[in-house]
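Following this line, the structures themselves.
Below, subunit A partners subunit B and then partners subunit C, in two separate complexes.
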Partner chain A sequence: MKTNSDIKLGVSLYSYQDNYYFHKHDLEGCLAAAAGAGATGIEIFPEAMIPEWPYISDSFIDRYNGMMERYGLETVCVDHFADRAMHKNKLLTDDELLERSIWYIKAANKLGATHIRLMHSAHLGRLLSMPGHEPIDLVGPELAGRLLPYCQEYGIVMALECHSPTSVDDPVQQAYLEVADKMGLSEYIGLQVDFSSYEYCISTADVGMYSRQGVNRDFLELIREKQREAYFSGKEFVFEEVEPELRKIGFTDEDKNSLRFVLRHRAPASYEKLKEFASQVVYVHGKFYDIDEDGQVDNMDYPKIFKALIDGGYKGYICSEFEGNRRMNDAGWCDEIEYVRKHHVLMRKCLEMYK
Partner chain B sequence: MYDKHILTDEGCRSIWERGKKVGYCVNIKINYYRGLPLSCIEEIALKVDGEEVNPETMLVQHNGREYRYMDLLTDDFPTDVYWIFGEKLRVVVQKEGGIEQGRHKVELTLKTRRTYTPTMVSTCEKILTFA
Partner chain C sequence: MFDNFLIRKDSLKNVVEDGKVVGFKLGVRIADYRGQILSLHNGYYIKVDGVVYPREVQKFEINGKPPRTFEELKTCYYEHWNYDDEGTLYVEKEGGLEPGVHIIEFQQSILNAYGYRPTDEEWVKNPPVPGSGAGAGKTSNIVTYEIELTE
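== the complex of A and B ==
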């Protein structure tokens, strides 16, 4: 169902990963689910839902095109991955990763897509080191530059996904755009918003997951409440200010370590900056983890995010990217199709509100 | 994510040749949201009834091909052979006499490399009935 807006709505099939993994739906079932939610476009991970990957046959393409026609869908985006750590003791060279990355550009072209999501080195901002993991360079600016002529040849735009803790206004993203500017190929690369940058509190999906992993639910609910209080009163959440209250009810160093990714979060990225950068954005992940009883995403301010994108002049797709599944499915079946349906109702309302 | 489901209860049985048991197999699924090249398998470790399975006796069968498990771990294994998302990978343990029919405790540790995060380590333990 088309929107009355420059913004179109789609679904990343990532949202239906459990339906696929557990064989409740095949690719066609996932496409039917997306179309049924009202999507006119989809994003696909080739190595999840195209079993022939990396060698996609013409007969697969014929069947795929037939399905897209049947469900009134277009392919918006193919997800690129930079699997450089291919072997235990050896990383792929830049030349090898270039060759692999071209697979995705060619696949996108074959599938009729306009974009690939490039897994670039700055997708989480500066390279993050995590416990037990020295950061590995993915696709840096120079390698992105080497991919641009292929994008031009195949008519594909590379979307630089800016995922929490980074956001589109992070200066670290600019190096990629500068390379393209110098080559006169800037129309083949652009910024991609991921709504994870705009989380203002821990999601109820995370509250459930962490509590099942052994963190006391009271701690999680108190943290969530304090984060919401801070956001709605226009302040930053500072964990150290809440810590004494948590310690009083038994919060330990071990809890602090388990929740380190939650506790570092102070505030959503700037809506003003999002508006300022919106016209440079080429693609958007409508990330969400849970939807509350009012039909709102429980830890992101969708109306504000949509307003910033619309006022800033974003033209293109927002695809639902439901990530609640991996946070909820340890407790039983997670109804991805229903979550995405509700998400599309919300996104349509947001578009109506500011048209 | 999928930790509880990586060890399936499907197709567990002895492998027979000419009326004799020469091994047994289990079927496992990936611990990730997409397929990965088989070369990204860091480790598949099995314990059956508390006893570690010798990795040198393991074969891996997937998508119509068979590989020696130890070959997957080498630094020149092909990078375009994928473990298909949602599809079973059959691990065959070569063992004279196979496995006694009936229920056995199986413990699986599966480690996969995905470059942009630390290696994902998943464990799953189940009582499985072998045919």
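== the complex of A and C ==
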């Protein structure tokens, strides 16, 4: 079902990973579920749902295109991975990584996609590194530049996913756009928003997961409450200010270590900046983990995010990326299809609101 | 992720060769959201009723080929373990396991293909011993299962 907007809605099949993994639905079942939620676009991970990857046969392409036609869908994005360490005994050279990356561009073209999500080095805003070790470059600006002529040949745009803790306004992303600019190939690369940048508190899905892993639920709920208080009063969440209260109820160093990814979070990225950068954005991951009884994503301000994208003039797809499954399925079956359906209702409401 | 589903509950069986019970086997799944390159598959921490069975007595069966040791899998750079396929883990143990319920503590080790974990370079020469949490992908804790031996 088309939207009445320059923004179109799709689903990343990542959202249905449990259905596929447990053989409840095959690829066609997942596509049907996305269409059933009202999506017109699809993002696909070849390494999850195309078993023939990387040698995709023509018969698969025919079957795939037939299914897309049947359900009224178009392929938006194919997920690129930069598996530098795939050989175990050595890292891939730039030439080898280039060759593998071209496979994704060609596959995207065959699957009728317009974009690949590029696993670029600034995916998290900085090079991937750990203390005491050389940082590892995935696809840097220079290598991205070498891919651009292939993008031109095959008509594919590379989306630079800006995942939490970074966001699209991080200056580190601009080096990629500058390379393309110099080559006159700017239309083949752009920024990709991932809503993880706009989380303002720990999700209820994480509260459940961490509590089942042994962290006291009271600690998690107190942290969530304090993060929400901070956000809704326009302040940053500073863990050190909350720590004494947590220590009083028995919070330990071990808990602190288990929750280190949650506790470093201070505030969502700027909506104002999102609006400013929206015209450089070519693709969006509508990430979510849980939906509350009011139909809202429980830890992100969807209306504000949508307003920023619309006011900034974003034109393109937002695909649901449900990541609650991996946080919830240890407690029992997680109904991904229903979550995505609710997510599309919310996204359509947000589009209507700021038409 | 998939913590509770890495071993299929009804898959524990003894392995018989030439009329002798030489070990046991289990159906296992990937602890990740995409298929994995076999060369990075580094074995299992598996402890049954308090006894640890190291990587050296383990073999892994996938893609229709006979069970292979992790030493053999080390060079399978171009072979994939598909995301939704079940593999079979074979463990050598003379006489196998007794019928009945067994407590299995379990962790899969598949090294990260991005190559940004701290230990990657060291692991090339010296792969981590499964069970340390290192190289455990998206399930970094040891998961305990209660599973009944069916044959």
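Everything that follows uses one rule, which is that the second predicted complex is superposed on the first by the 347 of 355 C-alpha atoms of A that agree within 3 Å, B and C clash if a C-alpha of one lies under 4 Å from a C-alpha of the other, contacts with A are read in each partner's own complex, and residues count from 1 in each chain.
As a convention for this text, contacts are C-beta pairs under 8 Å (C-beta built on N, C-alpha and C of every residue); 3 or more make two chains touch, one makes a residue touch a chain.
This structure is a prediction, so every number in the text was calculated from the model and none was measured.
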Subunit B and subunit C placed together on subunit A: clash or fit? clash
*When the two structures are overlaid on chain A, which partner does A:Asp83 contact: first (subunit B), second (subunit C), both, or neither?*
both
Practice prompt. Give one of first, second, both or neither to describe whether A:Gln17 is in contact with subunit B, with subunit C, with both, or with none.
Written response: both
(Q) So in the superposed three-chain picture, is A:Pro51 touching just subunit B, just subunit C, both, or none of them (first/second/both/neither)? (A) both
Of the partners subunit B and subunit C, which touch A:Gln213 in the superposed model: first, second, both, neither? second
Between subunit B (first) and subunit C (second), which does A:Tyr154 come into contact with in this model arrangement: first, second, both, or neither? neither
A:Tyr71 contacts which: subunit B (first), subunit C (second), both, neither?
-> neither
I'd like to know which partner A:Leu138 touches here: subunit B for first, subunit C for second, both or neither.
both
Subunit A positions within both the subunit B interface and the subunit C interface are 14, 17, 20-23, 45, 47-49, 51, 53, 81-90, 119, 130-133, 136, 138, 326, 329-330
In their shared complex, subunit A is touched by residues of subunit B numbered 1-5, 29, 33-37, 39-40, 42, 63, 73-77, 79-80, 82, 84-87, 113-119
Subunit A partner, complex, touching residues on subunit C are 1-5, 29, 33-35, 37, 39-40, 74, 77, 80, 82-85, 111-118, 120-121, 123-124, 138, 141
The residues of subunit A that touch subunit B in their complex are 14, 17, 20-23, 45, 47-49, 51, 53-55, 81-90, 92, 100, 119, 123-124, 130-133, 136, 138, 326, 329-330
Touching subunit C in the complex, subunit A uses residues 14, 17, 20-23, 45, 47-49, 51, 53, 81-91, 119, 128-133, 135-136, 138, 213, 326, 329-330
